[in-house]
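Each structure below is given as structure tokens.
Two complexes come next, and they have one chain in common, chain A, joined by chain B in the first and chain C in the second.
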Partner chain A sequence: MRALKLSKKDEIKLYDVLKEFGEVWAPVPKGSKYVYGKIEKKEDLVIHEECILPIIPVKKFLMPPDFTMLKFTPSKYSIPEEDIPTTVVVGVPACDIHAVNILDKFYTTDYVDNYYMKRRERLIIIGKSGTPRENCFCHKSNTSIVEEGYDLFFFDLGDYYLVWVGSEKGDDIVRKGADIFSEEVPKDVSKKFVEFRRNRNKSYINDVDLEGVTDLMELMYDAPFWDEFGEKCLSCGQCTMVCPTCTCFNVIDDLALSGETGERRRYWDSCMFKDYSLVAGQHNFRESKAERLKLWYTHKLKAFIGHFGSPSCVGCGRCIETCPVDINVVTVVEKMKG
Partner chain B sequence: MKKKPTLGIYGFTGCAGCQLAVLDCEDILVDLFNYVDIKVFYEAMSNNEDVANVDIALVEGSINTNKQLNELKEIREKAGVLVAFGSCANFGGIQAMALGDGKWEQRFTRVYGDAKFTVAIPREAQPIHKFVKVDAFIPGCPPSTPQMLRALTQLLHGNQPTYTNSPVCLECKFRENECLLNDGKLCLGPLTMGGCTAPCPSHNTPCIGCWGIIDEANHTSELKLLKEKGFKTEDIIQRFRIFGGSKIVEKVQKLLEVE
Partner chain C sequence: MKYEYQKEPELYTPIMMRIISKRDLTSDVRFFQAVPKEEYKHLNLDYKPGQFMMLSVYGSGEAPFSISSSPTRKGIFEFAIRKTGKLTNKIFELKDGDQLGLRGPFGNGFPIEKMLGKDIIIVAGGLGAAPLRSLLLYILDNRELFGRLIYLYGARNIDDMLYKPDFTEMLQSDQLELHLTVDKGNEGYENEIEEGLVTHLFKYVSDIDPKNTIACVCGPPVMYKSVVKEILKYKLEKDKILLNLERRMKCGTGKCGHCIIDYRYTCIDGPVFTYWDVIHMRELI
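Let's look at the complex of A and B:
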């Protein structure tokens, strides 16, 4: 890994370098929030000072909300030829890169999901460390620093960005943009970097205490507060849509009128919906909303550790910002800790 | 060649938009004629048989007169599978927004005075399942083309139609919208059956529930939330009622009692 310097006066030239590698996507405003949008002009590529957490995280590039998996006839099937463009996504915060690392494990361990892989191979991630937002708690979930999973990663050190190169693709980019990415990093860079990190660590607002929650999930599994949350839950499923590590989907076959040909669709599903856990014979494994909430929080704070070595909550705070009735990691942890 | 299944598309009180939604499947309409023999299509054919013996009957609209009621019963007798087609047939539609308040006659007299009806005797709007056995339903106001075609295809092949048992919020998030509830708007997305692809919230307009109430709708929690946001109880309940029809009366009678 190596580090370079990108002067802020050269920031405007970044778009032209990146667009040589594919479509450039970055946070663009939508109402009072941001979404990842395609950038068409160099002026629209804005690197924000604070962490930007678009409504739907990076997973939208890797697994579209609704797509056709295959088309079939009575005798054969074919996977649609897709022209998946290489996408350079700019401004991804560390937590969301951790989330992509988790998705990588999920979609490639034991069984490789090719729909995921072909998009993953075409995704270039340019991370950016920013000022934490009100709901951020990546400092508590150990996801405020990221060491892998990005191609380039930017730190704002005043009048320049310190740029970490994290992959061969990232290296290709800095070589292509040799006139803006400089090897000559200022002598006091280490000092500034330490200072940046120190200031950043001090600026968190959310101080949710995650210590011991993995064990508490087990101990509090039958606590009555789950039923209180269950009564409040609107089952809107927004938490699962905005969560950067939620991966659940449903698969349905849409037949043509003939009943012979058709297509198989795959779309994001949510464990907050009743039908998600409904099986043949009308049995439902998680009839109540409380049970579904428990499942989700178990998955986020505990169960993933056994499979992949870390919890699947990356501390982005989207559930805090999104749940209309305030069921989120903070309120759940508060209840668990009394 | 196997005999084509026969189809009847009937309409009672409503805007006829569900029937038009069938015509709106332009690309696939010709294909539809290849697979079904349409015997009745009130909105689109001039040589309709009155009520035909059909394998599948799609019934749009609510029942608002005795004449319609008799016709509905005849449709039921002559249909293999009877499908409630769209919101009005399923829940009564907006004409049933005051169902359960016990003041229909009072309202009727206020509008029509002591007018005498001889051909069709009016009655309070009701969804069709109040009178006849309904075998399947297709939600929507009007039903979306893909959802309707999926249901029709399933019916043609002897299967029960599946519908989208997830709220509008799912598709709203697919379209990366900010939650309008969090934005302080009176949005019924979480209470409402999806399948519409969330066009209203995508244009910053709150969902008013036109697809009908989803099984798991949590009206109690949403009412509480909206009150906390400063909406008046009566305004919230009124919004719940617009497309709630019979389902809101059945599901949340207790809630209505607070009115």
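Let's look at the complex of A and C:
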């Protein structure tokens, strides 16, 4: 892997290089939070010092919240022609890149999902390591650094960025921007890099202890605190919408007024919704909110390991920020640990 | 990342079938026969007993249905469908010649290769007779490849029993040991059909060689525990008891999430699970 230097005085030229490759998206402010927004002017492309976790993570580029899977007539189903633009998303934190790696595994295991693949091939990820925020706990979930899944990855080392090249696409970008990406990395880079990492590791505020949670999920499965959480839970599903590794979807047919054509849509679903496990004859396999909460936490902290070898919580802390009644990885783990 | 794209048929794009015949099995369960339209005849649509397919009617969505036909009788796909919601209401409106979308087959199905040469106990409850019909016909069509065949079927009442004429006729057959029961009210069928829960039919099941027997169960969720308890009395090993389960599904490919149980997807790792799976996975039955 190569590492290059991008001087901060050249940062303003980055947008013009990136837009050669596709639409440029980056965190933009929305109220007191951030969302991924399309960047139209070079001065709007801001690389933030701290980790920015937009409300909806990178998954929105890969599995749109609602899209048309198929068009149909009474005698044919067909995949709609669609023009998926190449998207360069800038400023993605390490935890969210881990999440994309998890999605990659998920969507290519057993059956390969072409809707995901078409978008994944057209997504260029430019990562950025920043100062952790109040709720971040990626240092506890082993996702604070990332070794694959990005095209470029930036570290802020004072008056320049150290830029790791992680893919062929990333290599194309630094070649295209040869006048701003320099091979001449300062001699003291390793010292500065170690210092950056050390300072970053010291600046975490959230110290939730995830040690042994996989076993605790098993041991505490029937503990009464699940019912207490169940009573509080609003079944709003916000935790699943903001979670970077939540993938569940529902499928519905929309029939046009003519009654002769229509669309089959795929849209985000949530295991917190009451009808999630409802089958014909009104039998509901997960009637209570406590059962549905247990499903989610089992899947995040334990079950995913059985399937893919690692938990599917990447420590971004979005559920902490989002849940209106304080049900999140931290409060659940605290209860499990008594 | 670079991937191998899934070749045709596309994973989520149904192919079209034509309904060629249908008949009512009960007041709310109808039996459909369908064949792929000409342009899909070249596709390999082979399947195993216990697998399921995703059926679509344009504008009314898609849902999983177990296959009632046997792969030994190629070309025609059969389904026994209960009228219970928006999609199945639409399916009931279909006339002969009308079109139906189909994807699949999906799921693991019964492990036929491990069942060869074995004695087979089949226990069906209610609509569970639909997927188990595929297995039953498969065994009957390959009768010499299997040992004893014991079939126990329980329905709620006489009117709710699927394939009643076929089953009552099969009572005379020397190909299988068949026992039928209804929860309540066997008037008019006292000689053929018992009264009582399906578990009550185990009194007819004797001389079981636990080393050489596999049990296959499918029925409503409430049935599994009591039936498994009876089967365990014959000292069958836990992985020789196979349960065909039902869950909500929107894809059949392990992606939509609805059918997940612990880390397994009913559509990929099931719908046939062993009793060993059941004791190691919560929520299974």
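The working rule: the second predicted complex is superposed on the first by the 334 of 338 C-alpha atoms of A that agree within 3 Å, B and C clash if a C-alpha of one lies under 4 Å from a C-alpha of the other, contacts with A are read in each partner's own complex, and residues count from 1 in each chain.
By our rule, a residue touches a chain if its C-beta (ideal position, glycine included) is under 8 Å from a C-beta of that chain, and two chains touch if they have at least 3 such contacts.
If you're wondering where the values come from, they're calculated on a predicted model, not measured in any experiment.
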First (chain B), second (chain C), both or neither touched by A:G259: both
Contacts of A:E50 with chain B and chain C, given as first, second, both or neither: neither
Partner chain in contact with A:E195 - chain B first, chain C second, else both or neither: neither
Chain B versus chain C as contact partner of A:V325, first or second or both or neither: first
Chain B versus chain C as contact partner of A:K76, first or second or both or neither: second
First, second, both or neither for A:S32, with chain B first and chain C second: first
Touched partner set for A:W268, first chain B, second chain C, both or neither: first
Partner, of chain C and chain B, that touches more residues belonging to chain A: C
Residues of chain A at both interfaces, chain B in one complex, chain C in the other: 252, 254-255, 259, 269
For the chain B and chain A complex, residues of the former touching the latter: 28, 31-32, 34-35, 146, 149-150, 152-154, 156-157, 162, 165-167, 169-170, 173-174, 176-179, 181-183, 189-191, 204, 215-216, 218, 220-222, 225
Chain B partner contacts - residues on chain A that touch it in the complex: 30-33, 35, 54-56, 60, 65-66, 231-238, 241-242, 252, 254-259, 267-270, 273-275, 289, 321-322, 324-325
Footprint of chain A on chain C - complex, ascending: 1-6, 10-14, 16, 56, 58-63, 82, 84-85, 88, 99, 101, 220-221, 246-248, 250-251, 253-258, 260, 262-265, 268, 282-283
Chain C contact footprint on chain A (complex, rising order): 69-70, 72-79, 104, 106-115, 117, 120-121, 221, 247-255, 259, 262, 264, 269, 271, 276-281, 283, 285-286, 291, 295, 298-299, 302-307
